[in-house]
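Input: a single structure, listed below in structure tokens.
Order as written gives the chain letters A, B, C, D and E; numbering starts at 1 within each chain.
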């Protein structure tokens, strides 16, 4: 028995080693970024072609230097607060609006549903990047310029997320929603208490992606906002990255600062993914 | 506590060729306990689902207390239902599964807790209240489904094979509990089961279904003692009634193979003759328990005796089932364990002709009354 | 907001957009200047600045200007990059400001040139920039290059001499001798390489900016591109340089902007380096260096022109300019400011200030400048792919046609 | 669920907020853009829009760069689709299994999504450097000559494909993962008892059960592949010799750098039609033999 | 055709506090038909799932034909299983559901078709072969699950309540088919059921489980006639055995309430005395069918007669169940339908003392042998 177990363990070990290698292949820029934010620029470039590229400065006192200088240069906290505010609002809004729409498409056979859904797929095609000016004109017309709404609203509804939610809801066995209906739940309740919790993986995914999307947006907030107190973190990043002279360690430290929340959000949402719902209500394990 | 009327109800699934429920007429009195029985796929669940509002009614009207409900949303029908496949909320604990409906009805927290504690006590689920359905055994899940419906105190209660995954003992207990609850609350109930004992003991009236059509509606004793047709006669009772193709001649029935030739009791004979079946072919049905092997019986009714060889014999504790071959059909008899006979043994069996049923050969309708 | 321009001619409020951050030294200096303007001007004008940090070569900021332009919400004053002058002026986004600027003679000619469209001054730069050939003193010594071989502004090196030195370096270090940032296909290409063309006596278009054929593919222009191609072909430079190869001692030289001075001073303190001037064409021996900067301009939306003019004039005044140029250590746009700064800066900056004044050459003022500069960069890229395009003249002929298309 | 009569129309209420937002910020701007496509709209002169009829459209078909960009994007899509979607599915399968350190792997595979493109391109430029880059170093071990990668008109697109797949796979992985999580475990159990090995379970259970997710991912990856812009913009600026120029990048450049909004709009309309046609074809193909997806 | 050994097997679910299966020892002979019975949640499914390899064995060894299989993947165990919750492939038709395992085993197309046609004939699924599971009734789905396992011809066959959702008639047919298939193929089979008849008729040996522990293993007659303890005695048989707390004195047993006082037959009495239970308290069990109301019996055994009032009476076709109260416990008796008595009626009942069981009061183990 021991031998068998050790063979099993062996299998686990070597697959884990392989996967770890694969993981490192995807992880190295992140590591490099964090590590590079912890050494003088000179070292970044001196180390770049050997393994030291992935080690922070040997001198611990160097680790925080880039950080202290960007905190000195910018009001990083305010930017972060702004960014968090925009991203959180947009994520919540996006989850609400898109999941509701997905619910409508998945569970109601309203007239015109197929047509609208086809249109939605067609909308996926429209490249937002080429419509900046027109979008700005619309935002100006409806008078939301210079308000957080201008940053949040345009990115909120996405055909893709609607599509994702619709698929997820369509997969939930009707018997579960039926049970809820008989329990006297209104449609909104079923949506809120049954469907949404049962599609946590999708909620988590859309949440993560919305948050990241909003967090990384730079041009649009800059266009619709004028008060630099309202700017998101990306503005600072771009600024650091483009104002000559560019100090790579400072760039890396502001990028690290801006990446950490993304990773936290990712982990936060992934927890729900891991839990999984495991089963549908009909006794499937 | 409410009255339910189903008038000429039909159901056809969107992608199906045939009707799953046909010309369904049933009038359920307030407080009545109705049991649906019928072969797998005969439309029991479908009918329940139409009543609950989960399936559209293709044709016909469905009324609660005289009000047409065809188009009322399920949540406004105030019906509690136990689903055949449980349909538990997988993301909620057992407790929350049961509490959900109550919460929606704004029942107070303490009230909810009281109800759930009571129900879970009855159902033996106390220690599982904090688990999610995935970590329960099949029977435990079914009990949760039952509990979720029980706590609701709805005026209509639909149960689709709510005890099928429980052991015999628990089943008896549960059955008794369901009877008790019904007696207390007088909820109008429709209950689907495959268990004859459940059907017999719980039902005020039994509805026998076949291929989406009602075959007979009646009290348990009625469907057992006066089956409307061959199907009902064969379906109710376990083991099933034995049927023979016989011919009535000179007050005797004899089967085609000539394996027996038995006099028909006067009362029955007169009815059959009145209906013009003298000299005609008929279907004769006899229940296994009406086939006797006791010496006393064989001696008292020598003309009723048939002989055959045991093919299979099953000893079931207090009684024995003998499978023999007679008149070209299998004859099952349920006799005392004392009269156990090994396969191959030659046995004499007496037909209790007063309990025999006769049916028309073509329409298969009963001829008894 | 941006849309509240219901004001009349004597509105004393001036709105201004700038492409910098209020958290940079440059932005802080500007804020100081504005504060002083608001306090010191006698008419009671009040300027209000919005800081809109740009990305790359103007992205973000320019998008915003475009958006404002297309929805009629431009400010009174804005900053714009030198090459945009013609397009903005031509589209009447900005209006002439010549009469509001005092002491024009004090400005470098290149500043006036870049701000002038159809003989009118539309925009005025408040700083200058330049490019130099930074070299690693230690490596030069190692490669056996004597100090006497090094050029100065007074005694420049010709392309041949330059190549000679490159050869020595390459032979010694087995690495390209210089990083000419040939992988940068942005504005940097024209900005830093056009001086070679000008030195050879070539040009991109005719002076009126209407013809490229016969200019861009002239022998002179072609000879400059041939020089670039040779540099790559012979391995003296590379089209895929390593980032900071010069700073980390891999390349002995780099050709880059004035900002490098700060980088080297702050981040690479161990490096012993100096700055050399542009090599000149052996035929003309004409010394040329690039110039260019962001400028202030008054939009056509400005209602109170006098106020806007006064603001611009103030911001490019000696005092204001000195403050902002010193803050950011950039080259001054005024001769007088140059004099003020020279004693305060290091030798490299001194070199640049001088190079700027003596050899600076403004970029062409063209309406379709973005397309032209991109074509220029593409041309550089094409000729550096020497295997694919061995015939430089052919490339030049083709590209001249492309540019010509944009001049109509 | 109840889908009778009027109650069906309640669905509109749920869809409406999203549709309104999309109408405002996507459809209307797109229609504006459509109307611009018949004019000589230049960003700098918004007030002088001359109607030029179909001239912009005609020019599109004569524009060698645009045509070249179409060719480039076709090449990109042909390669990126199998590579990226395949990789994403593979990664999703890996992290869907319970395994020590699972969260670490998930973060790793998704990391290229959260790391700034600045970082990514700096590093990849180093790796792909023709002279002393890491990749050529590795190739050297196998006695393969150094390759020019990004500086070669022939190879640049492949380098972009590789980097894009590497970077984008984490995104689809996440979506695949949420699809995988909704497949009941019991099906795998049943299949395992039926004698299915891991591969057969994948083919007969995972893939069919994942079909709605896969169709969605294929569709959206397909469409977003058509929208490729950032990678070439940052890594090659469309070069060398336009070999990595993509239509959207070209449209963007024409509209914003060159300020020819009218012309850019015409190109986007044409390109939009191209994408829609191909998307319909692609959905027909991926849906072949399937039913429930509209 | 294979031998199965379970040695001291334990199972604890990851998130559970207690063992779901404890010290499970069972040695199954080739070709044997084993039936698991036990209350809901006692660990039947869990044990099956461990044998199939779907759950890890926490402790102990599991062998097939002497080879330890604990760590062998399910697909390499060659086991066919009917899941309690069916686990049908929702994306495949009924036909494909059944064909899947065969296809994987590279069975030829025509062979597959033959097998499926045959199985679907038996299961009454012919007309549903092209449907997907979602469009089937509960019972139909269960039959598909059964069919999927049947066609496999695997050497080990696990069935988890495969007939629970079928009507009585179909159930009898299916039960017979399963018996037939087992006779033909001699597949080593483990079968979970809550149906006593199924257990009794199908099993070579019955395994009675409680709380994850084996209570008794034996032939149907053994567990019925010689229950190892109170639990088994009470669990097997329906209605359940009646238990009384009694005291043995002077060759008589009398209950605590003094409701009866009956002599113990000599044979049993001697055994009890030998074991030192004279004058001690005991548990006495008597099956409902061993309580008689026939006049003949009452007259023959006057000392064995007890009297009580009917609380509930259930008429079940051929027989009647009377619920009375005796000695502080409910006494259920199963008597002839002729002896039906209305609630409230006073009845005399005779205990057939030869069939009575005695158990130790504390350990609840049997004292009969």
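What we mean here is this: a contact is a pair of C-beta atoms (placed from the backbone, for glycine too) under 8 Å apart; a residue touches a chain by one contact, two chains touch by 3 or more.
Note that the structure is predicted; figures quoted are calculated from it, not measured.
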| item | value |
| --- | --- |
| Lowest number of touching-chain links that must be crossed from subunit C to subunit E | 2 |
| Contacts common to subunit B and subunit D (chain labels) | A, E |
| Chain whose Cα mean lies nearest the overall Cα mean | A |
| Chain pair with the greatest number of C-beta contact pairs | A-D |
| Between subunit C and subunit B, distance of the C-alpha-averaged centres to the nearest whole Å | 94 |
| Euclidean distance of C-alpha centroids - subunit A vs subunit E, Å | 55 |
| Length of the line joining the C-alpha centres of subunit D and subunit E, rounded to whole Å | 59 |
| In subunit A, residues with contacts to at least two other chains | 48, 132-133, 137, 178, 181, 241, 277-280, 282-285 |
| Sites on subunit E at which at least two other chains make contact | 84-85, 87 |
| For subunit D, residues contacting two or more additional chains | 2, 43, 126, 132, 184, 186, 189, 256 |
| Contacting residues of subunit C [partner subunit A, same complex] | 1-3, 20-24, 50-56, 59-61, 63-64, 66-67, 70-71, 73, 242-244, 247-248, 257, 259-260, 262-263, 266-268, 270 |
| Subunit A-facing residues of subunit D, complex | 1-3, 8-15, 17-19, 21-22, 24-30, 32-33, 43, 94, 99-116, 118-120, 123, 126, 132, 134, 166, 170-171, 174-175, 177-179, 181-182, 184-186, 189, 212-213, 216, 219-220, 223, 226-227, 229, 248, 251-252, 255-256, 261, 264, 268, 272, 275-276, 279, 283, 292, 294 |
| Subunit D partner contacts - residues on subunit A that touch it in the complex | 12, 15-16, 19-20, 22-24, 26-30, 32-33, 48-49, 97-98, 100-101, 103-105, 107-111, 113-114, 116-118, 120-135, 137-139, 142, 153-154, 156-157, 159-160, 162-164, 167-168, 170-171, 174, 177-178, 181, 187, 191, 199, 201-202, 204-205, 208-209, 212, 216, 237, 241, 251-252, 255, 258-259, 262-263, 266-267, 270, 273-274, 276-280, 284-285 |
| Subunit C residues within the subunit D interface of the complex | 62-63, 66, 69-70, 87-88, 90-93, 183, 185-186, 238-240, 242-243, 368, 370-371, 374, 377-378, 381-382, 385, 388 |
| List of subunit A residues in touch with subunit B within their complex | 173, 175-176, 178-186, 189, 193-194, 197-198, 200, 277-283, 285 |
